[in-house]
Amino acid sequence: MRNVGSSSSGRGIAAVVGVGPKLGRSVARKFAHEGYTVAILARDLGRLSRVAEEIAREEKAQVFAIRIDCSDQRSVREAFEGVLSLGFVEVLVYNAYQSASSTYRPTSFTDIPVGSFQRSLAVSAVGAFLCAQQVIPGMIERGKGTILFTGCSASLYGVAGFSELCCGKFALRALAQCLTREYQAFGIHVAHVIIHGVVGPPRGSAMEYRGMVTEQQTLQSEEEGEGESSGVTGMDPDRVAQTYWYLHVQDRSAWTQELDLRSSFTSFY
Amino acid sequence: MRNVGSSSSGRGIAAVVGVGPKLGRSVARKFAHEGYTVAILARDLGRLSRVAEEIAREEKAQVFAIRIDCSDQRSVREAFEGVLSLGFVEVLVYNAYQSASSTYRPTSFTDIPVGSFQRSLAVSAVGAFLCAQQVIPGMIERGKGTILFTGCSASLYGVAGFSELCCGKFALRALAQCLTREYQAFGIHVAHVIIHGVVGPPRGSAMEYRGMVTEQQTLQSEEEGEGESSGVTGMDPDRVAQTYWYLHVQDRSAWTQELDLRSSFTSFY
Amino acid sequence: MRNVGSSSSGRGIAAVVGVGPKLGRSVARKFAHEGYTVAILARDLGRLSRVAEEIAREEKAQVFAIRIDCSDQRSVREAFEGVLSLGFVEVLVYNAYQSASSTYRPTSFTDIPVGSFQRSLAVSAVGAFLCAQQVIPGMIERGKGTILFTGCSASLYGVAGFSELCCGKFALRALAQCLTREYQAFGIHVAHVIIHGVVGPPRGSAMEYRGMVTEQQTLQSEEEGEGESSGVTGMDPDRVAQTYWYLHVQDRSAWTQELDLRSSFTSFY
Amino acid sequence: MRNVGSSSSGRGIAAVVGVGPKLGRSVARKFAHEGYTVAILARDLGRLSRVAEEIAREEKAQVFAIRIDCSDQRSVREAFEGVLSLGFVEVLVYNAYQSASSTYRPTSFTDIPVGSFQRSLAVSAVGAFLCAQQVIPGMIERGKGTILFTGCSASLYGVAGFSELCCGKFALRALAQCLTREYQAFGIHVAHVIIHGVVGPPRGSAMEYRGMVTEQQTLQSEEEGEGESSGVTGMDPDRVAQTYWYLHVQDRSAWTQELDLRSSFTSFY
């Protein structure tokens, strides 16, 4: 664990699992900006620490970088010992998935190694299961909490050549629905965000938004944390992060369980 | 048309079709609060005028009450002549539907008069079609606009004894999807809000939120404008209205096409 | 009404609404082949009579051609007086829809005449509503019956430029669901068949199956009865009709409410 | 492997994975009845052998009982070495799932051992993945084949207390969709059957069909092969099996990818 930052907060902890240079970072920054102490978790602690430093500096917030391998139970448990030691985890954002490769080309089904298929389920579904199990008891005790899961087009329909991604993302959506039904009465808001399209770098950055996105590219969506950062176009992650924040602040009289997000500049799919 | 209020606004017009004492009023008030000149439309001009006066007084806003019968083409056209004469309609909220009765009990299919079935389609689908046709040309011209449609559980699955409601609401959802696909590239944000459950009176009002809602009651949802106001429990319409507002202010880099809303106090269905 | 054929049958009547040269004809022929007296209904009585003669001759069956305009309540009622005079209507297949044009090109939303939109709802939804109302009382009395509705891709998601078709087809799907829930306990099997793609001429005919179907063409699906017959490629209507028959003979211990059909030669959409 | 029976068949092999006393047995018997050599696979070889003997005797067919543990890669591979040694596997029916317990009561999410969650994914998703990988190359080579996956209500929406079942079944549905899109052009028909409700013993058996099924019981559906057989009411498995057979014989001009099955005697859910 790397602690970066100085200001202390009366609020709970926001834990963001699966943080790379795009969506995860923007979500973490938004919660930091709003006064939360933030724990960001991913596999690459070096890169993660730089993100933590950047957010801490820009938002004058306390940001903790904690290594996690979502496909490894022990790693998840150890990581959350660290997270839970920081205080009450009020928010969990689960944003990790196993990218089969850095290229996002379809793989012929018969060529997929079973180990690769299993790792995808391990990261998308088992990792989410474990992280949720770590934070829910505290949320029940306090009678509040928010758990946000990141989905994509592959959460809704199968795509030839992407069974690893689709099976994991379908399972994650099921988990979100089960948890909503079980825990909404306890004041825990569980929601599933379906991002149709590629999340790119923030709009203000050097690499600008360049327009139309093809269906193929949509499978690159949220290649955060567990994937590589190769995309140069796409949705503004800061704008996507605003909806994560909005879901968190919805009143429990009118909670959203699922919504989609897509850029108005993409063709529909 | 009844003009109530005094302050002038640099913003466009927000037109809310289907305004009774609950959701429609709360949505209108929210947009008024945020600086919009608001046109509210429903069949009962007397009741509507009182709502307009109340909002104008409370929000120091300009509010116009305009009579509309959504099942009648000429009435829709005349009403929108009035709305469009106020200025650029930047926001359309379509919240009207034909309530078969004030009781919301299921009707045996063979007992439904075809005229009643047709009126339900006329209000839910044809009325929405006509209102959208009135405002879209102006939105295309300005390259911006928001159109929000109100759906409910009956938008997603059939219910025995409620074919009038379900057929109309399914058709409305189709319309929302068609318009999204056609007009998002023009900067027009079309979204469909699925309200699962009864929208009650605002929480601060005399009639308080009394807890659990049964499935049967969910069909009472958003009995605005065209229906009667009999429910005394349900979701806080001011909270629901916040999500309508949020959809309006989403950046076009990350627009939501559809989301659901339900109270955390209801059982799931 | 035109009565064609000679053999008498101990079975009930199968009424097929929306019969052109393709799917409707194949469904009618299949039921005739299996021993049903068949009533076929469409707007063009001349063409319909030729189809009736052909089926009667080939299947040695009794086939009645009855004119219907599904957008006209009185026409539907009169047509079903004829149908019901033939005996117990055991099977209703509703296959009619309003084709906006013979070209199936998308129409800009703002250019759609409201009358055209209304007629589409009238044929897809109100016509189906009326036909179902005519036959359900008899089915309840006998404790059996089958009602099959034809849907297409546009029953499931909106398509830019096709709001007429989509709104009507969404509404029809709602109707199928409502009727299933209300009447399955009475022994009435209601099912919705989603045909993804173009239904072409029968395979044995002069015009052969020529392969891939584009998405655009899918909107031509089942342009029976109410539409024109221009397609020369597509799914074999006799094969599609087999699934209609299979749904009819399913045991009520295991009924299907909805299924899809697509050619394995088409790309997915 | 236990070989039971005597007649030889010119047809391919039908492999049914997940065979207990109900659905799996009925599906195997139907394919045996239609002339297929059948391989039935489950964990309990003793029980399986008795089923094989019974089918072989009744249908005068060749039936092979092969032990499989779908949660164990090596067991799946070894089992399919046996299956593939019998000849060309023309049909694969995947019917196995991990039943959390014999009681089907909901389990509080925080009480679910991660190992149990993983085993459910292993059986529902990884097992199906592996079995499909074993048979697809042969199907591609011959340009034909049928793969049928068994789903249930939990394939479509999450249920509180059943995240193991739901996540596994959602993932299986994704797999079915991915395989359909990848392999339909090769002549391989992949379909997903959603069984809403409990599959009971065959109707002719001592235990008779006793009527209404509660929602809770629906989670017992197809507790074949991997689960225990405790239900005494439910859908007739022989009738359900007829639809599996019908999917197999559909012409590739009009294939079904997904359908639902429910008893007309159950209330809807």
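Just so it is clear, A, B, C and D label the chains in written order, and each chain counts residues from 1 on its own.
Criterion: contacts are C-beta pairs under 8 Å (C-beta built on N, C-alpha and C of every residue); 3 or more make two chains touch, one makes a residue touch a chain.
From a predicted model like this one, the values you see are computed outputs, not experimental measurements.
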Between subunit A and subunit D, the fewest steps along chains that touch one another: 1
Touching subunit C and also subunit D, the following chains: none
Centroid comparison with subunit B (C-alpha atoms), farthest chain: D
Centre distance in Å when subunit B and subunit D are each reduced to the mean of their C-alpha atoms: 46
Centroid spacing, where centroids are CA-atom means, of subunit A and subunit B in whole angstrom: 33
Mean-CA-position distance for subunit C and subunit B (Å): 34
For subunit D, residues contacting two or more additional chains: 160, 180-181, 268
Contact footprint of subunit A on subunit B as seen in their complex: 180-181, 184-185, 187, 189, 203, 209, 235-236, 239-240, 242-243, 246, 250-265, 268
Complex contacts: residues of subunit D adjacent to subunit A: 73, 108-110, 112, 114, 117-118, 121, 125-126, 129-130, 132-133, 136-137, 154, 157-163, 166-183
